[in-house]
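The structures come next, written out as structure tokens.
Same chain, two partners: chain A is paired with chain B first, then with chain C.
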Partner chain A sequence: MTSWRLGLLSGLTAVAAILLVRASGVSAAANTWHALRAAGFVSYLLFWVSCLSGMAFYLRIAVPRVRASVVFELHRVTGVLAAAFLASHLVGVLVDPWIDFRVIDILAGATASYRPFALFLGAVGAWALAIVVGTTAVSGRFRYATWLNLHRLAFPGYVVALFHGLLAGSDSANPLVLAMYGLTAGAVAGLGVLRLAGRERPVPAAVSLPGR
Partner chain B sequence: MAAPNRRFANERHPFLKVAAAVVALATFASIWTAFSSAYASDSAANADPESFVAVSAVDSTAQPPVTANETPAAGSATPSAVSSAGSAPPPTVAPSTGGQRGSSIAPVQRRSRGS
Partner chain C sequence: MRSRPGYHARVPHRRTNPFARERQHWLTLLLSAAAAAAFGVGWVLYGRESATDTAPPLPPPAASPTPAAPAPTAAGEPPAAPTATPTRSSRSS
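Moving on to the complex of A and B:
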């Protein structure tokens, strides 16, 4: 099964769970709220794993007894899964009976009545993830250098997703949640420093990425 | 240097992909369950008489504004007013989602406190 089909299947499973809960009637508002928050957390964590494994692969950081192809596969599948859970997070926001968001609020963020700046950051992060995953899906149509530059949108996308979680999330005061954000951000920052301190990898002149 | 997808064209890891999806779904279910459990325990704590008094005390400091046709007693939306009057009228001001999203309490719970 390809990463894309697996991501689609996982995302549909999460969306189906949220819609079933929403339609159940009993405590639907609370359960939908819990579900969309959980989907947001999982999407963030998958985004983080994808960023971390991608940077580790790019920097050729050797993990004992783990082949580079495994790190690369982890990077790819977690990116697709992050997009899938992001989609279920957005579906949950749309169907939640309490917050009453419109589609434009999800696409732009800043139009929402609730914490517009934090939601704007979330929208920017979502667009960045969508561009990164989307351009990878059709990477055969891009020159490698073009695709790589678009792929680098993942870094600002991760940062704004982090701040979206901190500023918009209703659990940001929870010490466990704060520790999670701190540890994940610290790991990415550490590899980011290595990445900035190291030399650029040579970019092949005319190699295109075949979409799988 | 070949592009990563081309370099690893013959090295696929189907079990890794399936495992990642299973872990992601399990994490989703676990976090969802944890939130629901926390919400249920919060609800149970609010059902406790002492917590109920504490909530009433907090809510009474920030009552919604009263319209001209209502008496202050009728406009009170605290749980104590609900319990003493039997059937309190709905609050004159709809609960705001924006101002209340800062807490970890689930939305329904916040909504039920105000009515």
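Moving on to the complex of A and C:
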């Protein structure tokens, strides 16, 4: 799958960039911090686009002059890229010289010395995204219902990622950043209301999924 | 093996989304490039933001000796430690 290869390539490239900066010298500490912040923001925004496009695809929301296949591909590619940049964000956190994070701090979050609750939320969000992307990669081995239930972990994963950004992010007091969080959360909440409010998923006239 | 007659009738069906068979390579490349560009731009912007910080610069690494290190006072008290406020003012909680 092209998206998997490009996601892997993007992730490895971002991780390599962070490691090179870390090894570079005098300004490595600050640059590592800037890189992992940038990777975190990009990962969050990609995760948001993936959630939004996934819900729009599921609800069959018609976007003018945009085919459903494009919406689906957008959902899939942004999901993979979000995982790739999340990986680079985690590597940046691990190699950041300011606060000595251990691997267990990345995996669990609550054991970290720096904002443990916020990092715990981040760890939960990361695990949720990893499960969603990982199970989709091997979705053929699951029953559809099992895969779908695991895929729905993306919703709580997005919410905890949002709160991780708000609590752990050092520029959460910035009005632009707050506005970004508000708009993105509002968009997801709006589609979530459509999703949960019993909206009837329109039955497609021509396309019928096999096996249903 | 797949070309043998009746193969698909015998193999258990795997649910696949028909849209998964379509590939929008241009979209994949565009999104990847946009994400990488956003990452690079964000990195540069954060770097410029820290360059305008009024906080003092990073403390020197431990290996390099501090020039003009203050001597202990006559009462034997250690000299005041140099301020080691991080450059990243955004780190302050």
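Simple rule for what comes next: the second predicted complex is superposed on the first by the 197 of 212 C-alpha atoms of A that agree within 3 Å, B and C clash if a C-alpha of one lies under 4 Å from a C-alpha of the other, contacts with A are read in each partner's own complex, and residues count from 1 in each chain.
Quick note on the criterion: contacts are C-beta pairs under 8 Å (C-beta built on N, C-alpha and C of every residue); 3 or more make two chains touch, one makes a residue touch a chain.
Model, not experiment: these values are computed from the prediction.
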Which superposed partner A:S113 touches (first chain B, second chain C, both, neither): first
First, second, both or neither for A:L94, with chain B first and chain C second: neither
Touching partner for A:M180 - first (chain B), second (chain C), both, neither: neither
Partner chain(s) touched by A:S69 [first = chain B, second = chain C, both, neither]: both
When both partners are placed on the shared chain, which of chain B and chain C touches more of chain A: B
Touched partner set for A:L167, first chain B, second chain C, both or neither: neither
Which of chain B and chain C A:A130 touches, first, second, both or neither: neither
On chain A, the residue positions that both chain B and chain C contact, one per complex: 3, 6-7, 9-10, 13-14, 29-31, 33-35, 37-39, 41-42, 45-46, 68-70, 72-74, 77-78, 81, 85, 98, 115, 144, 170-171, 207, 209-211
Touch list for chain C against partner chain A, complex: 13-20, 22-25, 27-29, 31-32, 35-36, 38-43, 45-47, 50, 58, 86-88, 90-91, 93
Contacting residues of chain A [partner chain B, same complex]: 1, 3, 6-7, 9-10, 13-14, 27, 29-31, 33-35, 37-39, 41-42, 45-46, 57, 67-70, 72-74, 77-78, 81, 85, 98-100, 113-115, 139, 144, 170-171, 173-174, 201-202, 204, 207-212
Residue ranges of chain A in contact with chain C within the complex: 2-3, 6-7, 9-10, 13-14, 29-31, 33-35, 37-39, 41-42, 45-46, 68-70, 72-74, 77-78, 81, 85, 88, 98, 115, 140, 144, 170-171, 207, 209-211
Contact footprint of chain A on chain B as seen in their complex: 1-9, 11-14, 16-18, 20-21, 24-25, 27-29, 31-32, 35-36, 39, 97-98, 101-104, 106-109, 111
